[in-house]
Structure formats: C-alpha cells, structure tokens
Amino acid sequence: MVPLWMYLAVAAALFSLGVFGALSRRNAVAVLMSVELMLNAVNINLVAFWRYSETSTDLLLNGYAFTAFVLIVAAAEAAVGLAIIITVYRNRRSVIPEEAAALKG
Amino acid sequence: MELNAISIGFVVFTIFTLGGGIGVVTTRNLFQGTIWLMVSLFGVAGYFVLLSAPFLAAVQILVYIGAIAILITFAVMLTRSVTRIKTRYIRLVPSLLASLALFLILLLGVTMPIFGGVSPEHAPATVASTRDLGAALVDENGYVVPFLLASVLLTGAMIGAIFIARDDTA
Amino acid sequence: MDEICTGLCRLMVDSGADAGLAQFVSLLVGVLLVSGVPLLTVILLIWIERKVAARIQDRIGPNRVGPIGLMQTFADLLKLLGKEDITPTAADRLLYNVAPLVSFASVVLIWAVVPFTPFHYGVDLEIGALFFVAVASFGTLAIMVAGWASNNKYALLGAFRVVSLLVSYEVPLVFALLVPVLLAGSMSMLDIVNAQSGMWFVVLSPLAFIIFYISSQAETGRAPFDLIEAESELVAGFNIEYSGMKFGMFFAAEFLHVFTNGILMALLFFGGWMGPLYYESPLIAFAWLGAKGGIIYLTTLWLRNTVPRLRIDQIMAFNWKCLVPLSIANIVLVSLALKVLQELDMAPRQLIGASFADMLPATILLLLINGALTLYLLGILRRRGKDARREAQAAPVQFARATAATAD
Amino acid sequence: MNVLNEWAFIGMFAVLAPIFPALPIVIAWLFRPRKPNVLKSSTYECGVETIGDTWVQFRVQYYIYGLIFLVFDVEMVFLFPWAAAYNEMSLFGFVAGFLFIFLLTDALFYAWQKNALEWK
C-alpha cells in the first residue's frame, strides 16, 4: 500500500505548480488552466483522506461527496470564466488579465 | 514501498500528473497546454482508481477530457491573439520563489504525523460503493442540500455564461 | 475470463514461476483474448460494410479477392502498407501521429467491459455503463487533436463541426443510458443484462432505445449525421491531411465503433445473451449476443445508405429542441411510473431475477406512457411541419432566402 | 478477482489498446516509400495556396453548444449514482432527484428562449 503522505506530497507539488502558473502566466486562459490544476490537487487530498480514514466504510462519504461537489464547481468556474474571457476579448481584443480592468470594483 | 500493481500505478500516474502540470505552466502554445492539462488530469483520475473511487475517476475523465478540454479548446480558438503576447510570463522570479516556498511548507506539513484518527500507512479494506454515494446524496441526513444547491449553481452558471457569451450583434 | 486467468496463474505458480510474474502473464493473456474479438471483427466488418453498401446501391461489391471477396480487406491492408505516408510540414508532428492511435484505442477499450456470455467477460466494473461513455470521450478529443495538429483550415473547421456535433449528441445518449441503469439499479453491464430476465428494456422503454440508437448513429458520424465526411462541403473533414495507414486507422475506428454500438445496444436494451437455450452452452449465449448486435448493426448500415445528409443547423436543432427534451421527459416519466408501481407493490423492487409475470403490470404501464409521449411528440412535429409548409407556400422567395441564411 | 485486479486488467488493456493500431503503422513505416517534396508536404487546400494562419476566428456558437453540453455532462456526476440507488430509494430522495432534473431543465429552457440553441 502506498502511504498517505505520498499522495499528499504529489498533491502539494501539483498545487504549487498551479499557484506558479496562476501567478506568472500572462494569458487568461492559461491562468484558468492553472486554477484547474489547483482544484485537482485539492481533490486528490480529499479522496486520499477519505480513503485512509476509518470512516470510509460507513455512509460518511464526506471526502467522496466533496470531490463530486468540487468537480461541479470546477466545471461551473470554467464555463463562466471562459465566457468572460471570450467577451472581454471580443470587446478589447485582449486576453491579458492586467489589461482588463473593467471588472474591478 | 514494495513492487506491486499499486506502486507501479502510483509511479506512472505521478509522472502523468506532475509531467502534465509542468507542461501546462511552461508551454507557449495554448492548445498544447490544454493537452498537457488533460494528461495531468488523467493522472489524477488514475489516483482516484488507486484510492478505490472508480466512479470519481470515470466522472473526472467524462467531465474534464470529455467536456472541459473541448470548451477550453473552443475558447482558445475564439480568443486567438497569442501572437500579440510577447512574453510568456510576468513576475517570473517572485512567483517561482513563492510557489517553491509554498511547496516546501506543504511538504513539511504532509510528512509530519499529525493526523489524529487517520491511519496513514494502511487504508481500510472495504469502501463504500457508488450506490451508497447515490443514496447519501439524496438522504435527508446526507447531502441533499448541497445536492440541490449544486443544481442551482449549474443552472446559474449556464444562464450567466450564455448571457455573457451570446453575441447580440450577429 | 476469470477462471482462465486464475487457472493459468495457478498453473504457473505451481510450476515454480514468480507469483507477480504469473499474475502479469495471466492478465496479459486475458487482455489479448478479450481484445482479439474486436480486432478480428474489424477485418470482417470492412468487408460487410462494403458488401452491404454495394447491394443497396445495386452493385456487386468486392468479389475478386478470395471467395465472394472475403480476402479484400487483407488486400487493402497490403496496399496500405505500401502507401506513402505524408506528414505535412506545417503539422504538429507528435500530436498528428498520436491522434489516430487514440481514436482507435478509445473504441477497442470499450470491449473491456462487454460481457460476451454470463461467464465470459473481461471485467465486470461497478461503473461499467459510465466507463464506456468516459472512454468514448477520448475519441472526441482525438478528433479535435487531429484537426488542430494537421494545421489546415479545412481540417480544423471540420474538427470543430464534428466535435460540436459529437458533444451535442452525447447529451441524449447519456440520458437514454440512464434508463437501463435506473431500471437495473446498477451500472455494471452484467447486472444490466441480468435485470432483463423478466422483460427486455426495449419493451419497457422503447423511446430510450430509439434515442440511444439515433444519438449513437450521430456519435459514429453516420448518415444522416455524416458531417464527419461531408465530402462535398468540407473536402474530407478533420482527417483531410491524413494518408496511408494513419487514415486507415481513423476509418477502422469508425467501422468498429458502429459495430460496438450495435453490441452495446443489444446488451443494454435487448437482453444481451438472453434467448432460448442460452444457459445450455456459452456458445449459444455468445451467438445470441452476436446475432442481436449484428442485426442492429445491419440496420445502421441500411440507414446509412438510404437517407440523405442533414444540414448542420438542422442537426443541431433536432438534437437540442427535440432529442434532449424528449430524453429528459422520458427518464422523468419512466422513473416516476416505476416508483409509483413499486410503492403499490405492483412491480418488483429488484429486477435481477424477476420473472415475466412480475414485470407484466410495469411493462403495460411503461409502454402506454412511452406511446403517449411518442404520439405527443409526433403531434408537435406534424404541426411544425404544417406551419413550415404553409410559410413556404406563402412566400417562396423569402423562405428560400431564410433557409440559405441559416445554412452557415 | 478483487477490485484492484479488475483495474489492473483495465490498465493493461489501456496500455495495449494504442499498440494494436500502432503496429500496422510501424510496419507500414518500414515498407512505405519515402519521397517527400515541398509541394507534397504543403498544406492541402484544394490546390489553392494557403493564405494566413490556420487559426482563423470561429463563431461563438461552438462555445455555447460546448457550454450547454458541459452543464449536462456534469449533471451526470449526480444522476448516475441517483439512478444506481433508485430501487432502494425513499420517496424523499426520489423527489430530490426530480427537483435536480427540473432545475436543470430550466437552464435549457432559458437557452431556448434566448435563441442560444439556434445555429446562426
């Protein structure tokens, strides 16, 4: 059996990669992809904790169900995020987040 | 870690996940970036199988490779101004340092045995099935509220995205 | 497959082999046995496809190589081996070469969960029904990749159209798939077939089968949805730049996908291997499955060769405004009716092992509901058709212009 | 066969499945003639010279279809377990599933009303 910390280490690496991409990429689509990486790192953690906890046999499916909800949120985020990127591009011909200040509060 | 199907799978999926992740943050071509993202998420689906959650693995592939990959590709093609962006990165060094520091802190965290109630070496032998998930999702003591909220969220996302993306001039 | 693998494994361990190695080899043998079925059929399928198409078009078809042209495929294979394989200089070489492999593999991989007989199958996954939908999504991505990597305007345009067609028709397909899963109360293919011992699901919900049939016809890119190879409009679609064996792989994948869908429909709706005397011998069970799948496969060929192609706006409108609402209405009504009957104790709570008599009330009610839904739909379509015809007669010029405007 | 053995089978299948089509391609690579020239390897557009980049602009309708598909696809995350648990489900859970489908049908209805399903 692979010990729990190995899954967590991989998830940490994936999350750090996502953070790096989200901070440093110029293209908004690339930033969005990095955010997806971070969400998936979280999902690995959720499922791993669920699997290695004593409760994984009962109906207490917290980790399992949570992952499904994270998937839904990730999908909704991608759909709306990409729609915003497309619209901003159509109006301003730009996919660089720094140049689109119209959404600033 | 002895050599068996699980450990081989773990190594393979680690290569997929992290290799794909590195591809996503380094490639210049956004379409190739999408493919790298899918490689990475395929690796994550593999982890789900190793962690006895095959349903989540199938859903991961269905949602990400079947739908989000297509959506990102469409968006990439619709916003083609890659030629305008000269540099791939902004604030490269600070973000590299920040993410590296984050990784080291997280690594320190996960290697310390601080999880009460969790046996980190051995997982329980049996796990809940997909049918249990279905029952729990709509159980009044289970997840029925988030279940319906998820549906509201999806409806809202779809209406919002259509409202934003619709081209009224056409 | 299970007993063969375990037997082989035990034999190897007894003769002094390493346990891990024995397991590996027995798994390998199992995989080769299961995957042999689709790989052998695809050779036959190419011949059948050509022969049937020829007969429908009043030709003879391949008849020179071997008896009744049976060796034609091998001759084609030899010819393809000698064909020059051109990779355009503008192409993305890695992705260009990977796409046909993924396309073919995604179809072959479906066969891992196909149960051939009650006791002979690759694996019986808990999520079998979801597995083949998930695997098929690799095929969609492969088309996208092929179109992009060719770096050709027509290829990319073709890929875009095909992919949006494929994803659109996946929605009613999955909703229709939900009906057998719901009736059987399980996603395992073995359970789904066993749950049809009392009554085939095609009788319980013919609409689900029809929706599944139409959308799988679209998923494989067959007429009337054959935008994939709309020769007259898109040159050749997403695979325009492909040649030689790589082009052949896209072709073989399509042929195999059509037959695979026939087998899947036989399993999901026609009781798989169920039929007189199926329990006597696995061979009879296998023959039943093959016969049912084969007949469905032949009807798709018939359809392909007799109906004209639709325009893309018509295809999309038909899917989103007809098939999707219909499939949602179908799943809602079927689940509601069955639940009511179950609460009244007129239908079994567990369909696996249920007898014909147990299923009779449920069957009658579900058939009535399906019939009513079909009649309602036909009524709407009839009214729509009448309106369209009246408009066309009232202003022929305007109508022609409007149609031309919508046609891309 | 235990659960992970099943998946070892799938894994082996997934490794071998791309090899089957790769074999004839590799064999063809050994036998086929190689006479590339500039014209042959250029992009094929019915004999017309290629103008500009391949990445031309596409209509937004592709994205909207993809979007609606994504929402319905994600819905399956919950509907498949719901369907698998259907036989043992209480009436409450059954109604909750109905509400779920109903809410999403709303979204489809909105798209229809806004003519977002039209191929224009």
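Miscellaneous remarks
By letter and in written order, the chains are A, B, C and D; residue numbering begins at 1 in each of them.
By our rule, a residue touches a chain if its C-beta (ideal position, glycine included) is under 8 Å from a C-beta of that chain, and two chains touch if they have at least 3 such contacts.
Quick caveat: nothing in here was measured; it's all calculated off a predicted structure.
Of all chains displayed, D has the C-alpha centre closest to the centre of the whole protein C-alpha set.
Interface comparison, C-D versus A-D: the higher count of C-beta contacts falls to C-D. Put simply, the chain farthest from subunit D by mean CA position is A. Taking the mean of the C-alpha atoms as each chain's centre, subunit C and subunit D sit 14 Å apart. With centres defined as mean CA coordinates, subunit D is found 20 Å away from subunit A. One finds 6 Å separating the Cα centroids of subunit A and subunit B.
Centre to centre, using the average C-alpha position, subunit B and subunit C are separated by 28 Å.
Chain contacts: subunit A has residues 68, 71-72, 75-76, 78-79, 82-83, 86, 90 touching two or more partner chains. Residues of subunit D in contact with at least two other chains: 3, 5, 8, 55, 58, 60, 62-63, 66-71, 73-74, 76-78, 80, 83-86, 88, 94, 97, 111, 120.
Contact of a single residue of subunit C with at least two other chains is seen at positions 125-126, 130, 156, 160, 167, 170, 185-187.
Shown here, the protein chains touch in an arrangement that is not a line, ring, star or fully connected set. Here the touching chains pair up as A-B, A-D, B-C, B-D, C-D. Across the interface of their complex, subunit C is touched by residues 3-4, 31-32, 35, 38, 54-55, 58-59, 61-62, 65-67, 69-70, 73-74, 77, 129-131 of subunit B. The touching residues of subunit A, when paired with subunit B in their complex, are 1-10, 12-21, 23-27, 29-30, 32-34, 36-37, 40, 43-44, 47-54, 56-59, 61, 64-65, 67-69, 71-76, 78-80, 82-87, 89-90, 93-96, 98.
Only residues 60, 63, 67, 70-71, 73-74, 77-78 of subunit D touch subunit A when the two sit together in their complex.
Residue ranges of subunit A in contact with subunit D, taken from their complex: 68, 71-72, 75-76, 78-79, 82-83, 86, 90.
Residues of subunit C touching subunit D in their complex: 2, 5-6, 23, 27-28, 30-32, 34-35, 39, 77, 80-90, 100-102, 104-106, 108-109, 112, 122-126, 129-130, 151-154, 156, 160, 164, 167-168, 170-171, 174-175, 178, 181-182, 185-187, 235, 240-241, 244-246, 248-249, 252-253, 312-313, 316-317, 320-321, 324-325, 328, 331-332, 335-336, 339, 342-343, 349-351, 406, 408.
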